[in-house]
Amino acid sequence: MSNKELYSPEGLRLDGRRWNELKSFTCKVNTHQTSSDGSSYVQQGNTKVMCKVNGPLEPKSKANSNNNNASITVNLNIASFSPVERRKRPKSDRRIKEMMTILEKTFSETVITKLYPRTQIIVDCYVLSQDGGILSAVANSVTLALIDAGIAMYDFVSSINVGLYNNSIPILDLNHLEEGDMSFLTLGIVGKSEKLAMMLLEEKIPFDKLETLLGIGISGAQRIKDLMDEELRKHGKLLISTAAS
Amino acid sequence: MSFSVSEKDYLYQSLSSKTPIRPDGRKSHQLRGIEASINFLPNSNGSSRIRLSDGSEVIISIKSKVVKMSTLADLIELDLTIDNLRDDLTFISDWTNILRNSLLRNFADKFECLKLTTRYYFKLYVDVLFLSSSSNARTTKTDTSFLQNPLSMISFGIYLALKSTRLPLLISNSNDKDIEELPTFNDDWSSTVLLYPQDEDEEIKENNTTSQNSSSPPLLFVLSVVKNNLFIDPSIEEQEISDCGLVIGWCSGKVVSPIESLNLNQSGSSEYIKGMHGQNIIEGIKMIENVAATVSKGLDEIVKDGNNSVFMDSIF
Amino acid sequence: MEIITISKFNNNKGLNDEDEEMEDVSNNDQIVTPGELITEDTVWMRGHGTFALGNKTYSSVAGTILKVNKLLSVKPLKGRYTPETGDHIIGRVIEVGNRRWKVDIGARSDAVLLLGSVNLPGGILRRKSDTDELTMRNMLKEGDLLNCEVQSLFQDGSASLHTRSLKYGKLKNGIFLSVPRSLIIRSKNHSFVLQGNVSIILGVNGYIWIYKTPTVDNRLKTDSTASTASKLQSGVMGRQSGYQVGSGSVSLTRLEEESSWEIYSDKNDENISDAIRSNIIRYRNAIQALAHSQIGINESRINMAYEASMAYGSLGSLTEPEVMENISNDVLNGEKMRGS
């Protein structure tokens, strides 16, 4: 696909969005009440992700036991049917491993792990449908599921990606066609601050553009945070109205 | 799952008595209720999701791909993923085979629908993602004691997914015997064709009770045998103490193969495994004959609802 | 004919058709989420669910603010069970170790039950011996369910259990059920005798045991048969040498030993009638219905749900989502009418 079609002279993208518009974002928490301690579902455009958190619990093996902190294990399952073209990835796929490591590191910093020594927190993520921004959607779903599980955290991690079109125009929240055609960076920020909890850049981006991209990404991620926060409060009110009293 | 000796004994007494009482109070021929939805995967030709109240869940995707003519058996590929388990475990390939074979055997009249031209066919990829209810209780990556037999649930899911599957309409010439050309399709979603066409003449069908001629994908039913009693769709506790298990297929109004015995006791403790009488199998077949039509009717309701409404955006 | 209920996915589980009423409730219980600033006032001591940066106190979980005296904490909406000393809970043995059992109680870490914290067979007052260590698996083994109390907590928050009371011990004659622990309403008592010859233990940790009410008669009967047997034995001795102070005590220890091994037996009562078995299942389904609608569970609600369930025909129909919601609604409406 040629570059020109991705962004029209009128300033519209393939799916009709403007450069700084988010994909439609919906999320739910407590979706798997009986099979997990915390769970969530996040949908960003056609990217659909489920997350189940179990823990903190007794580590399954000594290797996951740390005397001072909880150890966080992230399993990422990208369903073979999730991309447009079916593709079965082996468990040892390098990119999946990389994403799991990034997520484990990010959330080990955000969860107050010192409160749960000698325990393990197991995070299972399932990508059901892909349309760009998998890592962001997964990170958002992990945040929600961890909060739903009642695990103490310093703050939300909200994530989004942002690309650079034609080396000049920044574009927020890419879909899979856009991702295939421009270099982009994925970032996760802490709460409503401008602090970065996570950042992944796999291609080249001119240094002088980086700051613009970060700025746009941060404001996008903050909007995601608000949407997640809203959903959590809505769910919380519902729970309180019926639960133990 | 590890149950205590007295728990298992209590269950066994309850289930083996003359007037058996199941742990959730169901009748012998009553299945667990399911929640189902279809058509929620935008990148698939067909999809379904089924959840039981115990939290286990299955997600099915059907994807098509144009391939050059090969053997019919190659036109359906089935892939089963269970939680985070490794996929080279023997029982996973056993289950995959049972599911795939039952599909292939009952698909004969549908191969025509997959035929595009003399050279090209649609190949269907059936991808199954099964999430068990208690993956957190698992001690190792290969520990399967917490796994219940998912065959029945998966077959229901495949039934729904196949019935919601839409294939693109061919617009190039279907006869390419002489001139080889790549098939081209109408890329408008609204002109796609359902793999299993829905009956438009609903009223005629209702008047004519015997009309079960439109074919359907196969369903599998799992039964648990405890002494002389049979229980359809056993829960994980019931599976644990079963003398033996039985899987029975059903397709388009009649019982079909597989009719096989199964080991339902995943934790591998052998004290309750006993085998069964031939009589059990005959009774099992009778039971399935009585309930299967209702089940497929119920599933068809979901299909009708889902296929007539707009594309499901969110699955929750 | 009940065969299967197939429903479409219901997005919002629970009883949420009362949006307007919810607003009223929410005013009292303001919800905070992680990272939210609660106060800059330094008079507060910071409890669970909070963390501090400088003078500011933030929430670390999603939940409601709880202020007790000068202690400020946030109670999470959900979370694994956190044991507290004195909690009446149910646990499942997962490992037999060195002078201790590891017990799953649904908490962050497994609890321990020390050999010294159980009633030893052969008398409550007996000292434990080396043979007890070797016969630990005869008392409690992997998979066994226990009715117990949290005796103390270790530094890391994990629990040490004890069963040193007649009301605690190994569970039998019934079925197990687990519900989210946040649904269990704490009360003074967590074990109840219900109507229909059924008893229930409502573990604070969300583990529930529903069983046949042990009959006092029954206990006496088994005890008396055991004692007649031993009397016969001692009777032979007695006739030979007349009454001796020691002879009685021999049979007494024996009797004690037999009855205390009895508490670790895996054998269920033989005469559990179908009626009792059905009642047990009805209670189980009634509790499931409450849990399905995420309603807090206590004795009176269980009774009300049980009563309500009678209106919905067979036991099997109680597993249908619609029926479960109806039962929950009946319970809530019943409470409103009684003004509780």
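The letters A, B and C name the chains in turn, as written, and every chain counts its residues from 1.
The definition used in the following text is that a contact is a pair of C-beta atoms (placed from the backbone, for glycine too) under 8 Å apart; a residue touches a chain by one contact, two chains touch by 3 or more.
Note that the coordinates shown come from a computational prediction; the quantities given were computed from them, not determined experimentally.
Peer 1: Using each chain's Cα centroid, which is most distant from the centroid of subunit A?
Peer 2: Centroid comparison gives C as the farthest chain from subunit A.
Peer 1: A-B or B-C: which has the larger count of contacting C-beta pairs?
Peer 2: B-C
Peer 1: Go ahead and note the Å separation of the Cα centroids belonging to subunit B and subunit C.
Peer 2: 37
Peer 1: Hey, how far is the Cα centre of subunit A from the one of subunit B, in Å?
Peer 2: Centre-to-centre distance between subunit A and subunit B: 32 Å.
Peer 1: Can you tell me which residues of subunit B touch two or more of the remaining chains?
Peer 2: 53, 314-316
Peer 1: Going through subunit A residue by residue, note those that touch at least 2 other chains and give them in order.
Peer 2: Residues 28, 33, 37, 55, 57 of subunit A touch two or more partner chains.
Peer 1: Got the subunit C residues that touch at least 2 other chains?
Peer 2: Within subunit C, the residues that touch at least two other chains are 11.
Peer 1: State the interface residues of subunit B toward subunit A in the complex, per the touch definition above.
Peer 2: Spelled out, the residues of subunit B in touch with subunit A are 40-44, 47, 53-57, 59, 61, 63, 65, 79, 81, 83-84, 86, 125, 127, 129, 131-136, 138-140, 313-316.
Peer 1: Sort out for me which residues of subunit C touch subunit B in the complex.
Peer 2: 1-11, 92, 94, 141-145, 170-176, 266-268, 272, 274, 277-278, 281-282, 284-285, 288, 292, 314-316, 318-321
Peer 1: Sort out for me which residues of subunit A touch subunit C in the complex.
Peer 2: Per the touch definition, subunit A meets subunit C at residues 28, 30, 33, 37-38, 55-58, 112, 116-119, 147-156, 190-192, 229, 232-233, 235-245.
Peer 1: Note which residues of subunit B are touching subunit C in the complex, please.
Peer 2: 2-7, 9-11, 13-14, 17, 19, 21-27, 29-37, 49, 51, 53, 291, 294-295, 298-299, 301-302, 305, 314-316
Peer 1: Which subunit C residues qualify as touching subunit A in the complex?
Peer 2: Residue positions touching the partner: 11-16, 18, 21-22, 25-26, 29, 31, 33-35, 49, 51, 58, 60-64, 76-80, 108-110, 156, 180, 182-185, 293-297.
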